[in-house]
Amino acid sequence: MSITNLLENWSDFRQQHPSEDRPHREYKWAMSIDLDACTGCNACSVACYAENNLPVVGKEKFAHGHSHHWIRIERYWDNDGREFADQGAQFLPMLCQQCESAPCETVCPVGATNHTADGLNSQVYNRCVGSRYCNANCPYKARYFNWYDYPTTDNVWPEPMNQQLNPDVTVRGKGVMEKCTFCVQRLTVAKSNARSEGRSVLDGEVQTACQQVCPTGAISFGNLVDPSAKVGKQWKQQQVDLNKDKQAKDVTESAAKLRGYRILEELRTYPSVMYLEQLRESAI
Amino acid sequence: MGKDIREDIAWAQINKDVLKSLESPRKLYWVILFIALAMIGVAVGCEIYQYTGGMGVSNKNNSHVWGLYIATFIFWIGMSHSGTLLSAILHLMHADWRKPIYRFAEAMTTFSLMTAGLFVLVHLGRLWQVYYVMPYPNERWVWPNFQSPLVWDMFAIATYLSSSVLFLYVGMIPDLAICRDNIHAGWRKKLYTVMSLGWEGTDRQWRNFRITYLTIACFLIPLAVSVHSIVASDFAMSNMPGWHVTSFPPYFVAGALYSGCAAIITLFIILRYVFRFEEYMTLPIMKKLVRLTFAIAMVWTYLNLIEFASVWYGHDQTAKDQLIFKATGPYAPFFWAMIFFGSILPLMLAFKRIQTHLPILLVVSILLNVGMWLERWMIIAPSFAHGHYPWTWDHDQWPSLVQWGIVFGSFGWFTLLFMVFCKVFPSVSMYEVKEMVYHRSLALKHKPAVKGDY
Amino acid sequence: MYCFLRLSVLLVGLIVSAGSYAVNAVQPLTTADDLGPKVEQPIEFPHDRHAGDAAKGGMQINCMYCHTYARRSIVAGIPPLQKCIGCHQSIESVRETPRIKKLFEYWEAKKAVPWKKVHDLPDFVRFNHERHIQRFVFAQNKPVQEACGYCHGDVKTMTVARRQKPLSMGWCVSCHQKDHPVDATSTKTTHGPNDCWQCHK
Amino acid sequence: MIENSFNRRGFLKVLGWGGATVALSGCGNTSVEDGKEFVTSYVQTADYIIPSIGTYFNSTCAQCNAGCGIMGRVREGRVLKLEGNPKSPINNGKMCGLGQAGVQAHYNPDRIREPLLRTGDKGEAITWEKALALINEKVGGVKAENVAFLTGGVSGHVKALLKNYLDALGSGHHYVYEAVAPSIMRAANKKAYGVEMPRLHLDKAKVIVSFGADFLGAWISPVHFSQQYARFRKADKGERGVLVQVESKMTLTGANADRWLAIRPGTEGILALGLINALAAAGVSVPGDVVGAVKEYTVDRVSKDTGVSAEHIGKLAALLKERSPSLIIAGSAVEGYAHGSQNATAIALLNQVLGNVGKTVEAPSSVPFPQMAPTAGNRFALQALNDNMAQDKVKVLFSYGANPVFTAPASMKLKENLKKVPFKVVFAHYMDETAVEADLVLPLNSALEDWATAMPEYIAEGAQLSIQQPLMEKLYPGTLGMGDILLALLKQRRPEEYKGYEDFYSYLRSAMVSIKGALGGANEDDDTFWDTALSRGVVKLVGAPVNISSNASAKGLVVPAPFVEDSAYPLHLIPAVSASMRDGRNANEPWLQESPDPLTTIVWDSWVEMHPKTAAKLGIVEGDIVEVASRSGAIKAQVYVFTGIHPDVISMPLGYGHEAMGRYAKGVGVNAFKILDPIFDKETGELAMHETRVKVSKAGQRVVIVKDEGPAGGNQMGRKIAVRMSSSKVNLSEEV
Amino acid sequence: MSKRHLLALFNDFDEAVAAIAELRAANIKGFDMDDLILKSPIEHPEVEKVLGDKPVHVQWFTLIGACMGGLLAFFLISGAQANFFSQIKGGKPIVPLPPDFVLTYEMFILGGVFITVLGFLICAGLPAKRSSLYSTKVSEDQIGILVKGDESALAAFKTIFTKHKALEIQEEAGK
């Protein structure tokens, strides 16, 4: 079975990913974040804490860089020596980019992080041995390690706070790497419901926690394979191609008015999160 | 300059001298052993604390996911390489001056590999799940990820360690037979009897021995190079700025040989004193060793420069920023200390007077290794501190005492293994010293002695 | 000389056979039955009586009559006490048996029966009953007891249910890979999903 | 959908409690574990309860006064997460971080679990019967005018019951106090527009000039405004709206502005008048008397007074002229001065001059049931109560929904005055600073386990009654809802009137059902009406339209000259209201403590914001601990240096520095309320929050600030991470 | 006919070589040159030369071991990647060649070394019981010649050995 399988299907096993020849068949979850709409209010981050059982580590551990925010709001200033930050800040929600060619996946010694058929970058907590190579290799540093045993010895959820824990998401013990999952527990339910009804998940049927809470609707999430999905339309309109590491915007002058870009694309990670550039009025 | 070894040492004297090292070393031996044990105690305490409390106590964080453990891991892996250099490469070269010193160098290889292996374990967040990394059929139906350089590491180190142990052991069989023949009671007798496998030095044994030894030596050379190349790919395969460098594998190998040679010098001096090996570990041999070290130091310096140059002239601005940060940021003192210890200090070794001045050599060789340890740390920490993503930069991270304690203790662990080895097994290869003496005296017989030094 | 050749051939044979075993090996644990421990339940529920074959005195009640959530939830669920009582209050013949008396005691106290879990997967595993029931019972028209039995074994012959299958990951995968996936990006319906996150949470 | 609400409450019982404990051991066991855990099972169940599938119940968020609709995800009897209620027109299914943390208020380990009676220095647990009897006895023993009831903003049926109780006692002393509330602006609006809270239509405006209104962060109804903001930025048709923020300390809204103008503190009114003058000069029709009143406000003078460059004033005036309608918003930075009312009036005048009234500033509708209409709190109320307490006029004090001991400036000496009150009853969730001072502490149900109604003060159109219903069984049997307590107290006073109501729920239901005609349920039977109302979570009210006046007039317009330098206290202190901390009532919710402040990214502490110039002048660098001293006191905190603040100003966040309350709040940061000077708005008598002058001196130590941003600060170091482009390049309305 | 063993110890290697040469030349009846075993404290190719050409087979083991190690590794690894729960890793095929070659290389060496040592043990006849005729001197500084021959040949052996200044001649105890 095995060697024959290997030899017979050799070309399949040699297929690289991502590739134009083998597009995702049913689902490719993707996100787009409109930085012009994002106000940096942190609601997404708190919603993520609520949905995904993220531990609150406290001041001392935060100071040591042990924080867990799967989605974090970064705040950038214009650093050109101006007296006032008179064009405001640039807020950027950074979460796991669910790269199509994720650098974290190849380096995990135990294969705890893999690519799923839906185009997600899975992280299996129980398989993780905690070598932290994945985070070392993540250019976005969007992975968070359980440096301490938060549920037990650190007692992050003292009674009755533990009753709030989402039973659909594992509470991670010490020594495990974790990261944004695109709320996979919600996706699984939606997919299951759709499958029972013999259809695919409809656009808007499933929302990530950050998307659902976002007061300005800056985050859109959906299935890139679905032509009617908002996300797919956005990607298409912004001429951002999942399988390319250079987009029209970077190449042609005429596309300069497009806002869509992906972060650190030149590292050929093929992220599944597209950002739309922030805008600033020039008349004032 | 004097001779590598006196040709007129009686062979029985060789046996006697070396066997004596198994019995009664100087007092310093016991002092070293005690200190080593105390150091291990520190490390074990730290590890227990870390194991129960979580990796957080080592004060790494989400930016600095690796710390001293990996740095010291590479350091120990590197240390192991010179044993192979001395025993395998020089063996193929028929450089017979290696003979009195290769055994302990080979032992150093083995034990530093064992020490390095521990760091992989210490470093894991979930040590109790380490069996997930092992490739064996299991009820989960999953295998480790063979694409991960860490798995390559595991394969490479396992191969290297087992091959080194075999090489050390095979090469020691005739000596074990000597021990067996000269020790007449106690557990040692049993041990040597079993381990010498009934070696009698017959022509058949010697014939197969010779070819086997040569073959393993041939295997070990590419293996050693591949091991440190693979360790280098832990870094070079990743996309961290400062790591993604094509010259990393040779750079690592050179660094490995360098630190190994320095360590051999250190151990040479210590063993020579502790076990009274003045007759065998002679100053002319030391001189050759020092010259070798000097040459490797210059190779390392060159590769260091070529790495900087390729980063500097490359198009990768991130990597360049990283290099500038390394040289000017908070890690600058360590970076420049590494340059000083690694490239400037070895220039001293070019002076003849120093080449045989043991106290100075002791200090210098230790400092060289400090430099090489810093090199490994300077590969890891600055890249994490100043990676691709400015938001998560962290320039202030400093390893906690737990990390330092375990690193500190690893030296004790190595010393303990090494010193116990030297006490139980002959740390100078008796039969090969005899060969050396034999061949040299033959040469003397047939050729007139060349005047003067060479 | 020949002695060496023979030895080598032997050696090669040994290595090759060991290797091919390792590559091909189907772990014994993953297919064999693996009987779980006996579980003490508050009431010794006779599955054989309720679901067993008529020939053996069973009533052949559909599994999903009681485990009603199996087709619409990730858990199969234990029926609410109300459901037990619903039938049993009109079955006078067994009304006075000790088990039924105990049942009514719970009912009168309005306390849920503290049933123990028999098939208790680790907490990081998400097993979706709904998908399996939809797939095998509703889409493929497999008999309910057969479909449930893939994982739960022959419950209709037991009194208190007991685990029969190993429920280990390899065991799950062995079924999910029945038709071999040649392409991990595919979601072909001939085999179960191949994604980690399908089952791990 | 809730079919049978009478059964429903039973199903909220916590079941399958194993679920979370199980989850706790998440990564440990890899093997199958049989027979160790219990299965979730019910005695009786409803069809909509399916184990492992979450059921959503609608309710109302009580984390702030905006009154957003929430939707709680309930599984196995536990509420797990809150989402926005899509049916609520305030937030349309969206939420803020503060609202998300509502579950942590509910599950907070520091909640009080039973009534406590002070005996000496200790609290002794007593029964509710005893507690209520004690209240009855104490209230009966004093004259009615000596009974005072201090509350935060209240509305809905609780407010109605409260009023009935006070009526029953004969006491008229209801003090409605909010430490952070736009009360000066309300008064100014009343004067200018004839309504206290005109409805702002951000989405209809093309330009918004916000004078210190943090409508995206903490101002009035931020989630609502955020949604409008999104439509303002990316309209279905037309161009992208332009936001200009004028303030001395950057708020979250300021950080999102196209242009953030740092203005000298307190000169907002001058800028507004200057803009009117510039607009008049540019040809915008401005009433004659206004032109006369503003003509002195030339660009140069305004620029000199406010510190805003003439270029920007000119551009701003041009923008306002070009793009109409616009919207001028006066926020808390405007009203926080002794001349706050004048500032607000001047800004209202600008709106009127621009013709925005009726377009982007619209009238609210009236509320059909005034007894339930929200009573907006203010700071004056506490002042009044404090004076009464000082004069021994208060013998029995009730406190609910406020934490005056924490929020009162030290100069008020509130704590001392409180000691003069012989019997203090505090209704509280935590042992906060006020509860610690109380004689009787009555623990309240959390918002997620209580019945109530609320009528939000601000809603875009019409009015609504939001229903707050329990999302799960009470965690502690010893707590009680405010409605239930008031009902019990009323039963003591008016037994015959209230004896028909078993509990507050039955009262609420019959009260709602009795007015169902006005609540849009005229054609439904009682049960249908009630169930529909509960399942929607909000009930629309039909109110009458209210007139809004748009007569621009310079009457009474006096804007004082900018502040004079004070050499002893050279800096202005702006107490910042952050989106998550507000006035500190939510400080014990750890998610909020751990979510970084959007601008500074600091967590778990207070800080002093300072401009680099000021810092350089004082020789201060980031992380220095400084002493911030006003005439009323001094506190110490770490300095954060950044350019989002005027050099004349330092700013500290409010809400930190609790001395009690709970494990997450206690000892975190310092309380900036304490050092506020007793300076009041001249017209309303409200405490002028921004008027405090301070001096800053180094206290010696230096710390590493605990914050999310790294050593690169907000610098992208040339990497393409957060990218920005000019809005003129893009036509947003073409985008998906 | 019973065979007897005789061990002679020499101090001088040249003498030992000469003794062997003479033994060969003497062509003693009841003695085969293949029954002569040299025991030496050091590796001594020159001395062994006089024993004639004796092939060494360890390298065959090496070859087979290395090839099998490599092949096995490649098929094991690629088979495991393809057959067991195959998972895509970012941007790489399911069976990626470079990593598999790295591992193949390592296993090639591992197989080579292990089987070489195994071959050594087999070829050298180790572990073995020590023969009864053994002197600890051969592990020190003397060379020993162990011969096996008919009893009739013993005298001839002794003569030759004594002639070449054998220090000591040990004789197997009689039956």
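Order of writing sets the labels: A, B, C, D and E. Residues in every chain begin at 1.
Operating definition for what follows: contacts are C-beta pairs under 8 Å (C-beta built on N, C-alpha and C of every residue); 3 or more make two chains touch, one makes a residue touch a chain.
These numbers come from a predicted model, not from an experiment.
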Shortest chain-hopping distance from chain A out to chain D: 1
Pieces of the assembly after leaving out chain D, positions unchanged: one piece
Minimum number of chain-to-chain contact steps, chain B to chain D: 1
By Cα-centroid distance to the whole-protein Cα centroid, the innermost chain is A
Comparing centres built from CA atoms, which chain ends up most distant from chain D? E
Roughly how far is chain D from chain E, going centre to centre by Cα mean, in whole Å? 90
Counting in whole Å, what is the centre-to-centre distance of chain A and chain E, each centre being its mean C-alpha position? 62
Chain B-chain E separation of Cα centroids, rounded to whole Å: 30
Can you give the whole-Å distance between the Cα centres of chain C and chain E? 60
For chain B, residues that touch 2 or more chains besides their own: 63, 126, 141-143, 145, 147-148, 151, 388-389, 391-392, 394
Which parts of chain D, given as residue numbers and ranges, touch two or more other chains? 22-23, 25-27, 30, 52, 704, 709, 715-716, 719, 721
Give me the residues of chain E that touch two or more other chains. 75-76, 79-81, 83-89, 92, 94, 123
Per the touch rule, the chain D residues reaching chain C in their complex are 15, 22-23, 25-27, 29-45, 50-53
In the complex, the residues of chain B that touch chain D are 63, 126, 317-318, 321, 388-396
Once bound in the complex, which stretches of chain D touch chain A? 14, 17, 19-28, 30, 52, 75-76, 78-84, 91, 93-101, 103-104, 106-109, 216-217, 222-223, 226-227, 229-230, 233-234, 240, 242, 244-245, 250, 252-262, 312, 315-316, 318-319, 475, 579-580, 590-596, 598-599, 601, 603-605, 613, 642-644, 668, 704, 706, 708-709, 713-716, 719-732, 735-736
Chain B partner contacts - residues on chain A that touch it in the complex: 61, 64-67, 72, 74, 94, 103, 106-111, 127-133, 135-137, 139-141, 143-149, 153, 174-177, 264, 267
Chain C-facing residues of chain B, complex: 137-142
